[in-house]
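There are structures below to look over.
Here chain A shows up in two complexes: once beside chain B, once beside chain C.
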Partner chain A sequence: MKKEDSKPTLEARRAFLAKLGGAASCAGVVVGAATLGVVPAIAAKTGAPPDAGSFPTKDYDWTKHQWGFGVDATKCIGCLRCVEACKNENEVPRNAHQFRTWVERYVHLEGEEAVRIDSQQDPVNIQASGSEKEFRFANRYKDAKVDKAFFVPKLCNHCAHPACVQVCPVGATYKTEDGVVLIDHDYCIGCRYCVQACPYGARYFNEEKGVSDKCTWCYHRITKGLQPACVEVCPVGARIFGDQKDKQSPISLFIRNNRVQVLRPESGNAPNVFYVGIDKEVN
Partner chain B sequence: MPKHIFRLVSLIAGFLAVTIIAIPFLVPDSFYRFGHYRANSVIEIAAQEPVLQTANYCKDCHTERHAQWSASNHKSVTCEICHGTALGHPQKGKLPIPKDAARLCTLCHEAMPGRPRTQPQIQVAQHSSGQQCNVCHNPHSPKIAAALVKVAGNAAAGKRKAADCAACHGEAGISPNDTWPNLAGQHAAYLVRILAAYKSGDQKDVAMTPLAQALGDADIQNLATFYAGLNCKGAAGGKAAGDAAAGKVLAKNCVACHGETGIGSNPAWPNIAGQQPGYLVNVLKAFKAGLRKDPMMAGVSRGLSDTDIANLAAYYAAQNCQSPKQGKAKP
Partner chain C sequence: MEPIIHFAPYTGWVYPNETVFEWSVLIAVYPYLTGLVAGAFTVSSLYQVFGFERLKPVAHLALLTSLSFMIFVPTPLLLHLGHPERAFNSTITPHLTSAMAMFGFFASFYVALLILEGWFAYRPFIVSQAQTKTGLLGKFYGLLTLGSHDVSEPVMRFDRKWIFALAVIGIPAAHGLHGYVGFMYGSLKSREWWSSDLMPVIFLFSAIISGVALLVVLYVASCKLRKIPVDAACVKGLAYTIWAFIMIAIVLEALAFANLVYKGREGIDMIMEYVTGPLLIPYFLLQFAIGMIVPLLWLSYMIWRGTSGRALVVGVTLCACLVLFSVFMMRWNVVIGGQEISKTGKGLLAYHMPFFGKEGALMAILLTIAPLGLLYVLTRLFPPWADAAAHAHV
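Let's look at the complex of A and B:
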C-alpha cells in the first residue's frame, strides 16, 4: 500500500478487503468440500447394507411406489372407527386431544352466517362418548334446523414440499422416496418447530416419548402390502389409498374420476391427500 | 510470518482438524445415505409389526362366521371394528364380544345431520324401545332376511290345491301329527317365504321339497292365503315333554320376533303359539345343527341344550294361538 501512494487510501482498503474476502471464501470452500467429502465416506462405511437390493425391506422397493391418499367426504358418516383404529395401530395417546387422524364436523344452521365446526376434543362429544378414550359424535344438532352438514376426515397431507421437514433443525423428519413424510423418533429432539410449521395442524407432541408424532400412512403396513389402518376399517369407503404410479390403483382412479382438491393449496406445500366433497370453509 | 498471525492460523487449523475428525463420530450411521436424515430410521419404521390383522386373519378359524359376514351387507365392517385388534389373538386370549350392541351400532346407524342419505339410519328412541340391536339383527348379517312378501292369493283356489296337503297338515290346517306343523292362521307372508324356499332348494325336506317344486308361484300365493285365513282354534298344544315354566324363562330371548306368547309381530316371522311341540323341537334342532338356514335362528339356537329346546317347545305349544294380537301389523 505504501508503494501505491497515488491511489486514494479508501480505494486501497477496499481492494485489500476484497482480496481478503476472496481468500476466506476459497478457504471455506476447500474446508467445506473436505468436510462433505469425509462425512458421506464415513457414513457409507458404517451405514446399512450397500445400495444393491431393495430398500427399506427385502420385499419392498421404495423407488417403485408413489403413495397417495383420497378422502371422499360425501361418504363419511362420522363413526370415528378410523380414529379408533389409528390410535390402536400407532400407540397414539388415548385422549381426545392428540390424534394422527381425526374427523371434523361442519354444520350450517338455518339463519346462521358462520359454520359450526366440532371434533373429538369438543366437550359435548367427549360427554357423548363417555370418556376421552372413546370417540363418538354427539347427536347435538338433531333438533336444530340444519341447512347443511358434513364430516371431513383429516390427516397428515404428506406434502411434496413439506414445511415441517424444512424447519427441522436436526434432520429427524424427512420425505421418503415413495412420498411419505416420516419422523425419526430416535433422532427427534422434541423442539416442536415442526408442530408449529405444519399449516394443517397434523402434528402433535407426544409428551410420553418426548417427540413429535404424526400420521405415517401406516408406513409399516403399506410396505407389507396392507392398507393403512384407517382405510382398512372405514366401513363406507370414504378413505382411499394407493400407489399413484399404478394407473389402476384406487387412488389413481379416484383422482382421475373425480374433481379433487387439496387443502390450502396457497401454502405451497403441495399436499398428497386429495379431497372430494368439501366446502371452502374446510382447510 | 508474524507471530500473532501464525497463532491465529494454527488455532483455526486446529479447530478445523478437530471438527473434521469428530464429525464421523457424531453423525449417526446411514445419515447421509439418501439425504439429511438417518436411512436406518426408514428401515426401523417399516419393520414395525401391524396391529390390525384384517379379516383374512380371522377366516381360517372362524370360517362359518366369516362366510356369513362376507356375504352380508356388513362386509365392509371388518371384524376388528367390533371385536378389537387381533394382534396376539388367539395366543393371548379371546377377543371381546361387544356387550352393548346398541351403543356400538348407533355409532354408524344413529340418524344424524351430516350422514349421507345412503347410510341406513334409525331414530334410536323410536326404533327399538331400548332393546339391544342384536335381539332382532344378526350383527354378522344384519339385514332381516325375511323381507315382507306381499301376498295376494285366492283362498278358494288355495283350498282346492290344499287337498294335496291335508294328509299331513290336516284338512283345516291343524296337523294330526305331533311332528308336522299346524298351518291354520299362520302368517301368509311366512308361508309364502317357506314354500318358495322349499321350491328353490334353499330349504330341504324329504316330503316338502318335491311337493313344493310342483307348485307354481300362483299356487304358493293361493295356498298361503287359504291357510292364513283358517281358524287355528282346534290347535291342541298336546303332550309336551318339556317344562313350560322353564321354557317361559328362556322365551324372553324370542320375544322380540315371536311375541311374548308366540304371536309374531312381523308377518314375515311365524306364529308359534299352539304349534305342535314335536315340530318345534325338530325345527329348533335343525336350526342348531345348521340343517335349516337362517342367520338369526342359527345364532339364538346355538346356545340351547336339548332340554332347553324341549322346555321352549312345551311353553309355546301351550300358548293360545288366538291370544289378542300384541304385535303391530307393520314391522
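Let's look at the complex of A and C:
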C-alpha cells in the first residue's frame, strides 16, 4: 500500500483519539454515545482534513474526483493480460489462489441446463498454462457444441456502502472521498472479517504481509493521472475507467450510453463497477 | 515467516479467492470458549441471584471455571491475527460500525467483573489465609486482601450485597458477550448460512447448555479426584438446567434451518446439497442426533423415572459429555460450514484441518484444555468446594 493510502485513517485516528481523550474516556460513554446516534459521525471520519488544499498528495485533490469502473463483457476475450498486469503492478502473490482481479468464463453447452463456469485458477486452466504464475483459459470446450459463451472480468466493486468497511474493527479499510475503498496495510490487524463480509469474494489475505488485500483501482496510478494497470493492458477495451465528475470521461459516457447493471444489487452495497453484457447467472 | 496458504479443493464454481480458508478451527474454538464462560456463569448466577440452593456445591467452581476460560478466550483470536501486536488497535481506535470492535471492551469489562465478584466471594478465605499462612503464599494472600481484613458480620453483609449486584450485572454481561459473538456471524450478509437473525440467540442457548454441561463434568470429576461422594441433588439440579435449555436450543436451531429452507433464497440448492452431503454426519448425526436429541431423551427419561444415585450421576455426566461435543460441532458447523458453502451459491469447498501448526487441530485442542490447567491452579489457591467451608457462601 502506498504511503498516501494510509494518511486519511491516521488523520481520522488522531481526531478520534482527541475526542476519546476528552469525552469518551470510558466505555460507558462510548456505548451511550453510540446509542444516541453519534456512531455514524465518528465512524465516518475517514475524509480529508477540512483545511487541506489537496489530498492525499500535493498535486491531487480527492474531492475533485469520483472514480468509476465499467466492464463491457461483450468485448472481453479472456486473454487474462489484465490479471497478469495486476499481479505485476500490485505485488499480488504469485499463485493461483489470490487475485485482485480475475476473469470468469461462462459456457452454455447444447443440451445442458446448467451453465459451466470457471476462472483462471481452475486446475484445468492452470495445467494449460503450465504454471501457477501464468494464466490462460484451456481450450476445454473445443469439441463441444457451445450454445453461448462469454467472459466476465471481476474486481473489487468499490461499493458506495461497502460491507468490508463496515465490519473492519479498526477502520484500517476505508472509503476515500473520490470513491475508492482502500486498506491501510500499516494498521490492518489481519482478522479477515472483511474477507468474510465481501459478498463478491474480492478480498484475499496476504499471508506474507499478514494483512488483507484487494483491488485499489491502482490508486497509486490514478492519482497521478494514469489508468489502472488492468485497463491499460486490455487489448479490446473491455475495461473502462474514469472520473464520473467529468461528464465526457470514458466511464461517464459508458454509463450514459449503455444500460448498465451492478452485481448483487440486493446486497445494498451499491457497487461502483458497472457491467454491460452479463447474463443472469453472473453474480 | 514462511507464508502458509492452505488451498481448499472444491466442486462447482467458487470465487478464486475463496479457495483459501481464512477462518480456521481456531475461530470455532473462540465461540466455544466464550460459550463455556457464559454457561458456567449462568450456573453461578442461578445460585447467587436466583437462590437455587441445590447448586451450592458448584457455585464457586462455576465462578472459577468462568474466569479460567474467559482468560483464554482471546488466545485463539490472537493466534489467528495476521498482526497480533496490533490487536489493541481495535480497543484504542475502535471502528464503531464493526460488530467486532466492541469485543475488547466487553471482554475486559467481563473479566474485571469476574475478578471482582471472585474477590468478594473469596474475601473471608483470603483473609483467613493471609492470617494463617506464612512465607510467599502468606504474602500472596496478604496482597490479595487489599488491606481489608475485616470479616465481621456487617462487612460480610456489605460484601454479599456486592456479590449479588455483580452477579446480576454479570448475567447480561456474560450472555451479552456471547450473544454478541453470534451477532458477528449473523450480521454478515455475504453468507446465507450465517445470515440469520436467530444466530445470536442460537449461540446463547447453546452456550448455556455447554457451560452447564462442563460444570457437570468438572464437578463429578472433582468429586472423584477428591474421593468425596457426589451430591446427587446438585447433579440433578444441573441436569434440570441442561434439560430446560437444550429444548430451547434445539427449537431455535430447527427454526433457523427451517427458515433458511423455506425462504429458499439464492444459493439454497447448494446449501441443500451441502447439508445432505458433506454436512450430513457433522450436522444431523453428530450435532443434532447424538449431541442433542440423545441427551434430551435420556435426561427426560431419568427425570420421568426419578433416577437417582449412581445411575443418575453416570447418566447426567454422559449426557453432559455429549452436549459438550454437540456444541463444539455447532461452532464447527457454523464457522467452517459457512465457509465450505461458496459465496457464489454454485460451489462447495472442503476444509482440511492441519494437525500441527499455529492454526491446527493440536493447537485447537491445547487451547480448549488449557483453561482447565489454569482452573486447577485456581482451585488450589482458592478452593471452591462447599464442603470445605473455609470461606463464606452467600
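The definition used in the following text is that the second predicted complex is superposed on the first by the 232 of 283 C-alpha atoms of A that agree within 3 Å, B and C clash if a C-alpha of one lies under 4 Å from a C-alpha of the other, contacts with A are read in each partner's own complex, and residues count from 1 in each chain.
The rule is simple: a contact is a pair of C-beta atoms (placed from the backbone, for glycine too) under 8 Å apart; a residue touches a chain by one contact, two chains touch by 3 or more.
Please read all numbers here as calculations on a predicted model, not as lab measurements.
> Using the superposition on chain A, tell me whether chain B and chain C clash or fit.
After superposition on chain A, chain B vs chain C: fit, no clash.
> Applying the touch criterion given at the start, work out whether A:E177 contacts chain B, chain C, both or neither, answering first, second, both or neither.
first
> According to the stated criteria, A:Q98 is in contact with first (chain B), second (chain C), both, or neither; which is it?
A:Q98 sits against chain C, while chain B stays out of touch.
> In the superposed arrangement, does A:P169 touch chain B (first), chain C (second), both or neither?
It touches chain C, and chain B stays clear.
> Of the partners chain B and chain C, which touch A:Y187 in the superposed model: first, second, both, neither?
both
> In the superposed arrangement, which partner chain does A:S131 touch: chain B (first), chain C (second), both, or neither?
In the superposition, A:S131 contacts neither chain B nor chain C.
> Touching A:A202 in the superposition: chain B (first), chain C (second), both, neither?
second
> Identify the partner contact of A:Y60: answer first if only chain B is touched, second if only chain C is, both if each is, neither if none is.
first
> Between chain B and chain C, what minimal C-alpha to C-alpha distance in angstrom results from the superposition?
Superposition on chain A places chain B and chain C at a least C-alpha distance of 6 Å.
> Taking the two structures together, which residues of chain A meet both chain B and chain C?
Overlap of chain B and chain C footprints on chain A: residues 31, 34, 39-40, 42-43, 171-172, 187.
> Residues of chain B touching chain A in their complex?
Interface residues on chain B, with respect to chain A: 16, 19-20, 23-24, 27-52, 54, 76-78, 80-81, 84-85, 107-108, 110-116, 119.
> Under the definition above, what is the set of chain A residues touching chain C in their complex?
Checking each residue of chain A against chain C gives 13, 16-17, 27, 30-31, 34, 39-40, 42-43, 93, 95-99, 102, 117-121, 154, 163, 165-172, 187-193, 195-212, 267-268, 283.
> Under the definition above, what is the set of chain A residues touching chain B in their complex?
Against chain B, the touching part of chain A is residues 31, 34-35, 38-40, 42-44, 46-48, 55-57, 60, 62, 74-81, 84-85, 88-89, 105-107, 136-137, 139, 141-142, 144, 146, 149-151, 171-174, 176-177, 182, 184-187, 216, 218-221, 223-224, 226, 229, 232-237.
> Could you pull out which chain C residues touch chain A in their complex?
Contact set of chain C toward chain A: 1, 3-5, 7, 13-20, 22-23, 77, 80-84, 86-87, 89-90, 92-103, 105, 109, 184, 188-191, 266, 339, 343-346.
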